[in-house]
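Heads up, the next two complexes both have subunit A, just with different partners, subunit B and then subunit C.
This part shows the complex of A and B:
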């Protein structure tokens, strides 16, 4: 008002002062959000619309131009190309291995580290350190340690009399190795979220239950766990989505191999789109991935809602 | 007395279990640094944590094998640029979404949530052709534009909005009385009060850009334009096999400074991630 008296001329304010104020507020607001909004239109909404179009075209190095082929790419993925289902299977195995392991470890660590005791800061710092480290660096070091001959991991296993496999050269072991090293890399994040949730639970509840004679396990099962449910849901959704998006870790550690044993969806999309230039097919794959992530998110939210009722 | 004793035994057991569990979290860092000082023969020989011969030349060869100093600088300046731009844009939008009730705000929020839900892998293909049409392939522009306006920028916007919502309004009202414009209130009153949120956004944004891999991989082709993660994955011989000691030396150079900063500011850094995780 006082800021720009010239614009608040008497005629306007006399007629409908609230309208001018409101319009100006709105203009200001849109000015504030305009960089975000314009960037969103150009780099998100535009591409999101475009990917639907791309997915209905055949577009590769041979046919330099995009030709409309309808749902051909989806048919190719879902019905014809055996690679696709192999890749989906790998992604599902990766998620089924990673999510429960990550969450169970995160919760255990959080339960151990949510109360102050000697060394708690040290442990939290240690378990969180890989989170701030680049996935490429982490994968480089683990690839080095997981070599069949002379790798640090097999050397340690040899001390206790175990003859370790050539981890990254056998499909099943490679998948296990990728899952476990990814869990170690990311578990700190979920641990921190669980610690925050645990610390917001009033201590009285647990103390009252302990006074009533409940065991540690009963306190956890009957009080802590139900109160953690909203956090568990958020963590589960985020971790599942994250597991379907994993790319750099696999790129550096196994390159999708051996024998495509760790070829997961995000990596397959990259391969098809940017290495083989099957743009139309890659676009269809990207949309399928989008659908999977959406369905998983909604399913988890709905399941939990039913659970809580 | 016995209750206290079991409590102590319990604590000791926990601590030992935690120490064992900590090994796969700490050991890779030690092994990385140790490997960076080893010679090729020692890398493939029986492994020891302390190198038998310290080969400092690795850290020189890292810089001659690739333009590593240049690549290091690229990562630094790109991450700094992304961070400054994100702070500016996200705090502007976050402020408007928190403080002004305007037509379209609800719809905008819905759109932004959607941007969070859609994996970057979905939009990267059209974005590649968009960037190519703009003539920005093999430049640093996509590494700046895509994160600033992508999901990471949205997380930042939500973090800022959440923080502004919790700020008391009175000071800003007083500022308005004193004749400050909306922009003035934002710049002179709201922003100085939101240092904790700005710090959190700066930390997660910087690290996200610093560790970014898919975008550099797709958009960059000349060595002197590479960023660190891409450069690290590129320490291979002519057969495509890793030059382990150089790769580990370079990785140490990239990781250790971040780790030192993390050790100094661990509380703040962990809190920033907790905030963004809860929001995202």
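This part shows the complex of A and C:
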């Protein structure tokens, strides 16, 4: 008669009594994560490993023949092909234009829309809706609106006496146009992140600072902005990565033109891999892009850490 | 002279009136405590005085000046928040000096005043720490220090001890009392804890549903409550209120006013007695031994439960029949409206 009845029942009900409880729990845990884990292996880790291999080959997709060339593709990109540095320059300009504009606009909108007022949900929805809109549809609509003749933007400018340029056909304006339209599309996401962060800052801080004589600007500069720093870092890293990865927007709006003026890295990789079928070279470019994004991200994180200290 | 004068103060949030006409006269250097149950408007009243909420009606004077339209930062008040509201990204030193910095006080003067306040509150070793590195009691002291540095005319405390454990609460209570003695500044303190109110206050303001129920010294409120609400709110354990409908003397020698319909007896003014002398008889339902005293829950023959504090002697068994004797000089009579008679 050793042991309580309930314990006996538990022992009998175990389906695999030869396994220890810890092993059974471990197996259950693996069972639950396996769908995601298998997907990760097949669709993420597999291609990631493969791309390292492809980057060391000269492989024309049509010939189905891959020749090992070592680091030749990297040499070609970094030292020989002038297109590469032109494309990197375009990507950097795109990021430098998009990231500050996006973040400043997102923060301004969040500050305006973080407190409840009549219609706040409507405005939040309006600014967030483009984020969930199809990128291609968004780009097509803007392409029409930015047409030189008959485009909605130029028509509106004409009302106030401004003769608008052919936005997407003039090298000086095309980059600005794709940056601004991309910002309008994606700013809602960062706005929501900033709203969540603002709402998590206790109201007491602002009230205490106000009682101590701080103006609204001082409250923002000395209390709110420093407390938003972790969110700002996340937003800056994600937006920078996103700006280097931009593809669909460029593909639909300018196709990299005019005169390669908006040819950015991700679109260049696509062109090399799937238009000119230089898969090995495209793989090397993708790894270089990965390295650039990694360095930028680490730099941002380290800067933030230095600020914290 | 920093008197605080409230004349017919009202506050509405939309259609709901939270403060319904409060008149109050707070003398210079006085320690006034607002008490009342949750939702009675005590914190709102404090926020109206601070300027963090706009006054819907009435007049607020601080230091003889009408301040209804004066911004919070120019009212000469400092507030200690329930959450302490210490800025998490600033050190203790910077937290304490924040108000001086935004008011453009020179750095040397700022350092001197922060050091003085830190010395007063024994915060010197903590000046370079961040709030997350402090205990609850230390945070509380920093919050008080931040208030002191600004050298305000009036201190406002919004339930400052409610986040502390019982032992620390008692300790901090004594520190606040000592601080008041040292600074002699007008202090207004909000709490729902009537022990805090009794121990700290020169004057207690009991609030109920946005109105002042009674104002007085702790002893006034304890000995002469004007309503059943105050009688039951002040004092722990709370006063027993028994109906007088059955007639008959509640205690030998006590004279019962004609309009009285109920009588209040504090648990400490009841004792176990001989059956022949008393009309209060019942059975002990529970005896709670607290060390210093035993709190008896006695179910009277009429059905009400009556609390009795027994100071000495063995407590009766649960279920034992007991007779209770009330101190005839300590009875409180109330009329149909709950007013003392």
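Definition applied: the second predicted complex is superposed on the first by the 286 of 309 C-alpha atoms of A that agree within 3 Å, B and C clash if a C-alpha of one lies under 4 Å from a C-alpha of the other, contacts with A are read in each partner's own complex, and residues count from 1 in each chain.
Heads up, the rule we're going with is that a contact is a pair of C-beta atoms (placed from the backbone, for glycine too) under 8 Å apart; a residue touches a chain by one contact, two chains touch by 3 or more.
What you see is a predicted model, and the numbers here were worked out from it, not measured in a lab.
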| item | value |
| --- | --- |
| Partner chain(s) touched by A:212 [first = subunit B, second = subunit C, both, neither] | second |
| Subunit B versus subunit C as contact partner of A:96, first or second or both or neither | neither |
| Which superposed partner A:222 touches (first subunit B, second subunit C, both, neither) | second |
| Touched partner set for A:248, first subunit B, second subunit C, both or neither | first |
| First, second, both or neither for A:71, with subunit B first and subunit C second | neither |
| Superposed model, subunit A: greater residue contact from subunit B or subunit C | B |
| Which superposed partner A:298 touches (first subunit B, second subunit C, both, neither) | neither |
| Touched partner set for A:202, first subunit B, second subunit C, both or neither | second |
| Doubly contacted residues of subunit A, that is, touched by subunit B and again by subunit C | none |
| Contacting residues of subunit B [partner subunit A, same complex] | 11, 14-15, 18, 21-22, 24-29, 31-32, 35, 44-47, 88-90, 92-93, 95-97, 100-105, 108, 111-112, 115, 117-130, 145-146, 148-150, 153, 157, 176-177, 179-184, 186, 207, 210-211, 213-214, 217-218, 228-230, 232-233, 242, 244, 247-248, 251, 254-255, 258-259, 262-263, 266, 269-270, 273-274, 277-278, 280 |
| Residue ranges of subunit A touching subunit B (in the complex, touch as defined) | 2-4, 25-26, 28-30, 32-33, 35-37, 39-40, 42-48, 50-51, 54, 109, 112-113, 117, 119, 121, 123-138, 140-145, 149-152, 155, 184, 189, 192-193, 196, 234, 238, 241, 244-245, 247-248, 251-252, 266, 269-270, 273-274, 279, 282-283, 286-287, 289-290, 293-294, 297 |
| Contact set on subunit C toward subunit A in their complex | 50-52, 72-73, 77-79, 81, 83, 85, 87-89, 98-99, 102-103, 146, 150 |
| Subunit A to subunit C touching residues, read off their complex | 202, 204-205, 207-215, 218, 222-223, 226-227, 229 |
